[in-house]
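Following this line, the structures themselves.
Shared chain: chain A. Partners: chain B in the first complex, chain C in the second.
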Partner chain A sequence: MAFEVEELIALVDRALRETSGVDQLSAPVTAQSKMGEPEEWDSLSFISVFTAVAERYEADLADDDAYHFTSIPAMHAFLNEIL
Partner chain B sequence: MSATALWSAIERRLASEGDRLAFDAEKTDGISYARLRGLTAAVAEGFEGTGPVAILANRSFEAYVALLACFRFGRVFVPLNPSFPAGRLKKIIEASGATECLYEERHAALAADLDVRKRRIDLALPSVEREPIEAGADARAYHLFTSGSTGEPKGVPITHGSLSHYVTQIAELVGIPEHSRSTQFFDLSFDPSLHDIFVGLSTGGTVIPANDMAMMMPHRYVAANRIDIWFSVPLLGVLAARGQRSMPTDTKLRMAMFAGEGLPGEYAAGIRELMPEDGEVWNLYGPTEGTIIVTGRKLTEDDFDKPVVSIGQSFGENRVAVLADGAILPAEGGIEGELLLGGPQIFGGYEPPVASDCFVHDAEGERFYRSGDLVRCENGTIEYLGRIDSQVKIRGLRVELGEIEAVCVKQDGVDAAAAIVLGEGANAHIVVAYQGDPDADFSALGDSLPAYMVPKITRHFDALPVNSSGKVDRKALKQLL
Partner chain C sequence: MQFHTIASTGRTATTFLARALDSFEGIAAVHEGHRDGDKDSEPVLPLLNLENRAAYQDRSKVAGIVAEKRGKELVATVCASESVQTLVDVGYYNSVLADALLDHHGGLRLVGVIRNLEGFVRSATAMVGEDPLPVGWPDPNKPLVTRERFIGMGRLKPTRGTKDAEAWDGWSAIMRNIWLWRETNALLLDARRRHPDRVLLLPFERLKDDPEGFLEAILDHFEQPKQGISKALEIAKGYENRKKSGYQIGPLSEWSEAETAFAAEAQAQIGF
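Showing the complex of A and B:
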């Protein structure tokens, strides 16, 4: 199934806003975003992004899969591969 | 000269623990004590001369083997952090007098830049038998470099005697059980890593290096590796707690220790989510100059509600006092002042020497190290209040703001600079305000400073705010930023 990047962006945006407790992030999440850009995407919020995606797609993710969750392009490619 | 208790304990473990794993990691066979004995001897066979040995490796079997080869065979080790710029590593090599560098394969390109004899750390070397060289208390064990306010890293040499006192005493104070499995989060260039390695090995335990993913999902690393002893900066505990809430794991953790920066009670409470009800949490404190940790406290229920947990009291032969109004006073009775540290773990002085004297002597001639930490001492415990200088911690890493400023004013067009920290915890970052050319270029800062010391923001001011004594007014600056 083709997986839309816009949906992933919205998911990450929501997870980051919830974790950091802000209404608006320091920079928008885009198709090129990665950890540190926006700055709210840090090591503390990493687990929230990982969990949000795993729950949304009911994916059984292994620890090693987490390496793909440090940027939108990497996540998108990975999710398209496994879903 | 007789060997220190630590040196002897390590030799005993290497000789007696056999196939038990000294180091372990997922998807590896680990390294047993017996193999570690033969492998460190094999690495030592390649040593040339007697000079210090730089180790370019981090949180890896290679790092541990190289370090143990030095420790067992009479060589001073000098940890080099592979994430630091080559220019800084070259300064450390020169200042330490290191005559060779052992490096991990993945850092070969960086090693090639260093002007010193180099050798790859080869874990496939056949084990050999070789008589180790006993280390006496006065012999130097390692030489670490911390941030220095003059713009150059400060060298802190530590003896085997100091290290031995620390490891043997902390294991007793905390009650490290034999044959535990423990975390290894700290970079090799940050001295709590030596706690991980030496406390682990001297108690017959297994040390498990945390890879990059473990640093982001520490609760999974703890569960997957059946770890029972945790030691980290406080922020990693928050990550673990948050992860455990989101993706619960079946962990076996039974003890957690924190060091590196102030421990908020709520951070300490978080780690308990990975532990049974009777799990212990400890707050440890110490500067590099005092050999890793000098004071400690086992948390009680009250501590978990406190904004910042007390740093406890000294242990073993360590001693503390307070410098207040120019007098050296006992650390008691509600006194406030600069914390002074004395005893067998205190280093002998910076090397290369620095201009300012960091020691004071009491009426009996006892030497104390001036920690720069402002404290209040009451009811047999020490409350940390802050710093008396511009040293700060960024995610547990020690940063002299003066060093950043000194490097900044070396950039073309910068006449004066002041560094401050904005944000807290994981969001703490350095901001530099400067006078000079509004278009001054700071892009080369990363050639001299580690990434965590490079300012995230630089901002031009026509004139930096100053106080009545003419010094930069950091409080006013903070408000302006």
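Showing the complex of A and C:
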């Protein structure tokens, strides 16, 4: 199941805003975003992103997969591979 | 410009060692990316956590991680911005990255600190409450706060499809931390086997018995001047990460038969 990167960007944006409790992030989430850019994407919000993606795509993710969730390009490639 | 690293399982006074080394003129020593023991400040080197497990489970990733997060240009930039000639990176992840670091940086030297198995497992195993220093595997039934969960995602775990991975779910926290001790130190022993002149392994217990000699051995290995060791140890004294809660498991003599046998096998393999 291939899906558009825009859908993933929107999902990550929402998870980061909810975790940080802000309406607008310090920088927009883009197709090239990675942990630290925007700065709200830190180690604590990482878990929210990981969980939100797993729930949205009903993916059976293990902690071993976490490495692929540190940037939008890596996440997109990984999800396209497993879904 | 020189770049060197210190590696261990964790719970081996690495924060203290980084602070001591950082007090020498011309050396910037960072602990898990941060200088001056300030984990709230911007890291001097990019943080590594998830990369640790990924690199362990898929060795084809290691060279790329080193090139991206500990590459020559980055090290040169950090040395320039910190106004030092020598950068020392102290972190648990250096065990997994050891070979690639030694290949990538021709002049790099590595010090591995190996603690005795019982001391490490007792210090690293959390059974209840939030672990402020989540180095080891907690009790499988212990609830985790977000920070513990994130750090755990980067902790070494058996690779899928291996015998140890199959056994993992049935293992206690003690079994898991014996495994962690064995695997981390096996990587350090492998690195020394491949690069005997560039890898120095020191027993952690020597630091307690002879801190000056311990620090001197590190400086010697890194080919650094050794004046000011006493002062460096004095400065670093406030940076000892003692667990306020103390040990949450008993001594090895109280471990189960399976845990004791697994520990004996691991000790025989590592030889420390």
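Following the convention adopted for this analysis, the second predicted complex is superposed on the first by the 83 of 83 C-alpha atoms of A that agree within 3 Å, B and C clash if a C-alpha of one lies under 4 Å from a C-alpha of the other, contacts with A are read in each partner's own complex, and residues count from 1 in each chain.
Just so it is clear, a contact is a pair of C-beta atoms (placed from the backbone, for glycine too) under 8 Å apart; a residue touches a chain by one contact, two chains touch by 3 or more.
These numbers come from a predicted model, not from an experiment.
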For this session: Quick one: classify A:66 as touching chain B (first), chain C (second), both or neither.
Result: both
Exercise. Is A:24 touching the first partner chain B, the second partner chain C, both, or neither of them?
Worked result: neither
Problem set entry | Greater residue coverage of chain A in the superposed arrangement, chain B or chain C | B
For this session: Return first, second, both or neither, reflecting whether A:47 touches chain B, chain C, both chains, or no partner chain.
Result: both
For this session: Return first, second, both or neither, reflecting whether A:39 touches chain B, chain C, both chains, or no partner chain.
Result: first
Problem set entry | Residues of chain A that lie at the interface with chain B and also at the interface with chain C | 43-44, 46-47, 63-64, 66-67
Problem set entry | chain C-touching residues of chain A, taken from the complex the two chains share | 43-44, 46-47, 63-64, 66-67, 69-70
Seminar exercise, completed: In the complex, the residues of chain C that touch chain A are 47, 49-51, 53-54, 57, 146-147, 149-154, 157, 160
Exercise. Which of the residues in chain B end up touching chain A in this complex?
Worked result: 213, 215-217, 220-221, 224, 235, 238-239, 242-243, 246-247, 425-427
Problem set entry | Complex contact set, residues of chain A against chain B | 39, 42-44, 46-48, 50-51, 54, 63-64, 66-67
